[in-house]
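The following pair of complexes shares a single chain, chain A, combined with chain B in the former and chain C in the latter.
The block that comes next holds the complex of A and B.
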């Protein structure tokens, strides 16, 4: 028997290698992110952007909107592909804890979305003329990573829960949207405060820690709950 | 380590439903620690459901089951360590090569690289697939995939082999090789197999159980099988 964490890393590695060889899924995600960024930059005139709080405030929110919807392409097939090909049975009969399969998929979804963010964040910053990494670049990076992990945790569980359904494509957003929204609101708010930078001293002192704790609590709750109930998805 | 039970599989009043349809109805089946044991029955008799329950893939809705002395729900990891499953679908990842698939599964079973290489080389030699093992699975034919999948199931030297229609998709030569392999190992491990090929089943198996509509119809020594399903 191998340890749960080691098994999770092996599952994530296997999925990343498979994804790199398939190429088309990650390519369609990057294409969607690029087109969404371009459309938003043309759709929002400068005057409107100023009225809505400036480039940084709009750009920071748009990044999470794009990442959230791009996640649908990435997270939805996480378990669906394994379920349809039958390989999920191979993971189910392996001597590893059920939660390690879930954690492996979360790691894979996280890596996938980080790749999307590395691609889209510089583009959004150029299109909207702002930088997210002002006085607190490290905190911004940590927020991005925790936020992405949170979305990957929710997306992976939504994919697992919708596996037995006959209308997976319809059911997935119904599970993913409501569970991810609370984390998304927190992320957008933290990222907006960090990107605008003007109220950074007050924000870092007051707002950010509270929002950050709430975000971490959301992440821990999602991962713990999902890992605990996941064995019912593997052995119905 | 001393085995916890003298039986590889002990099912008592085992029941499983799919919605309102009863797939297994209070089934009592026992298989010893060695030998080859056949599960016969027409389509929908409950053979695959029974195999899936002992393979930890399905939860029973009633009764009890022990696999190698362990409960497949409460002690699924201990059961999984001791079983190898060849199902109706292969459990291989198409984007990976045959060897990468074996390496991945060996990792999940906690096997060392030296043990993986030794066992995979031996099995690849037996099943005559050495030349294909480093090709992506997606380019392999159905029969070649089945051979890699059989090696995957045998790689960690399971004490109990669960085979659901193991010979479908295999050519005559590979079927003979696999049968010979099972016969050679019949004294060191238990094999439970389902097959529609009753002639092959009775030739290969030591004992049999026939299921009909989720209930045990008959059981006994395979040589005494009357052919009634």
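The block that comes next holds the complex of A and C.
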């Protein structure tokens, strides 16, 4: 188990170092996230935002929508790049468990997305005039991290699934979106309640703890299922 | 084999006629909902059967990955198609119910939304399978996707317990929140629609298997 985790960390480190050298994907993700934020500011005029519950309610959901779509840039090349450069064969025959390859890629996708969020979340908060860290800052940060990990887990598996497909660019959204949407619906709900400043107990009774448990269950289910079946994805 | 299939079809036909009689004539109007209760029987049974269909997909996907026999993959794909049909019926009948009860066919209720996500997930799975040319790769990766997509089924089912929702909770661990005649009709509708699912699955599997054999024959000839 520990050797598998060590291998996963090494794979993640290799990808992160490669990304630091190239910088292409992370910059394209950042720019896309910024453009998406701008487009939403055009699409949602101030009067409409007021009608829909205020800046915090809209902004909190928008952050996840932007992160969700930015994931397409970040997660799609995770396995595609390995397949195109011919290094996927090396990973499949390496003396490490298949799940460690998957976990390593999830860690890489998670780090990539967190780096983007560090920049994009403050920008979205300024553009839309709200803050997410009012009432429960620690819980908000934990939700952001768990949500990003969830999207990274789904995105990595989706990237692996596009490998045998004829039209990889077209197929990735079809695989990524439905599997990620289950987690996204939970994330936007939790984040909206936290950002609008309503307290956990008063606003929705026991719903936030239940939503959080559901989110954690979704994360565990996706990572476990994907890690277990990944052996078959790596060795067709 | 043909005789057994014909006998099964006759049984399903008898159950279907009886199901129609029970839902439209036997079950009385409900105290609050009146005749609207009849939409309920066309909604709950297809919903539960669609969950079962995707569960069959999950199991056959696992079996394919473990055993490598293509018949499990054919079964998995057939179950996805039938499951999608029943999910469509669930969504449409649900919209009819929502329109009659709450005045609008779609309210973005958590149960409605998660069921739509479920429909989209398995529709995308079918499109994904069509995008992979190699037969073994399609089976292998299609099975992986079939396993990874299953949490959407669980979320759709549990949505009424996780969120505050407009959707009524009729089936509880303590029993059914309804009168005796309605309870019996619901149970019977579940059995009838379940049998219909099995029949449709069998016929779809038969057609898809024949198609596979034909494709293999054409490829060996060319």
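Throughout what follows, the second predicted complex is superposed on the first by the 228 of 236 C-alpha atoms of A that agree within 3 Å, B and C clash if a C-alpha of one lies under 4 Å from a C-alpha of the other, contacts with A are read in each partner's own complex, and residues count from 1 in each chain.
Going forward, a contact is a pair of C-beta atoms (placed from the backbone, for glycine too) under 8 Å apart; a residue touches a chain by one contact, two chains touch by 3 or more.
No experiment lies behind these values; they were computed from the predicted model shown.
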{"item": "Chain B versus chain C as contact partner of A:18, first or second or both or neither", "value": "first"}
{"item": "Which of chain B and chain C A:10 touches, first, second, both or neither", "value": "first"}
{"item": "Touching partner for A:111 - first (chain B), second (chain C), both, neither", "value": "neither"}
{"item": "First, second, both or neither for A:127, with chain B first and chain C second", "value": "neither"}
{"item": "Partner chain(s) touched by A:30 [first = chain B, second = chain C, both, neither]", "value": "neither"}
{"item": "Touched partner set for A:96, first chain B, second chain C, both or neither", "value": "first"}
{"item": "If touched residues of chain A are counted for chain B and for chain C, the larger one", "value": "C"}
{"item": "Shared chain A contacts, counted only where both chain B and chain C touch the same residue", "value": "236"}
{"item": "Sites on chain C touched by chain A in the complex", "value": "65, 110, 113-114, 117, 120-122, 124-125, 127-128, 131-134, 136-138, 140-141, 143-145, 147-152, 154-155, 158, 161-164"}
{"item": "Chain B contact footprint on chain A (complex, rising order)", "value": "1-2, 6-7, 10, 14, 17-18, 21-22, 85-87, 89-97, 235-236"}
{"item": "In the complex with chain A, residue positions of chain B that touch it", "value": "55-59, 73, 76-78, 80-81, 83, 85, 87, 89-96, 100, 104-105, 107-110, 136, 152"}
{"item": "Chain A to chain C touching residues, read off their complex", "value": "157, 161, 163-167, 170-171, 174-175, 177-179, 181-182, 185-186, 189, 204, 207, 210-211, 214, 218, 221-222, 225-226, 229, 232-233, 236"}
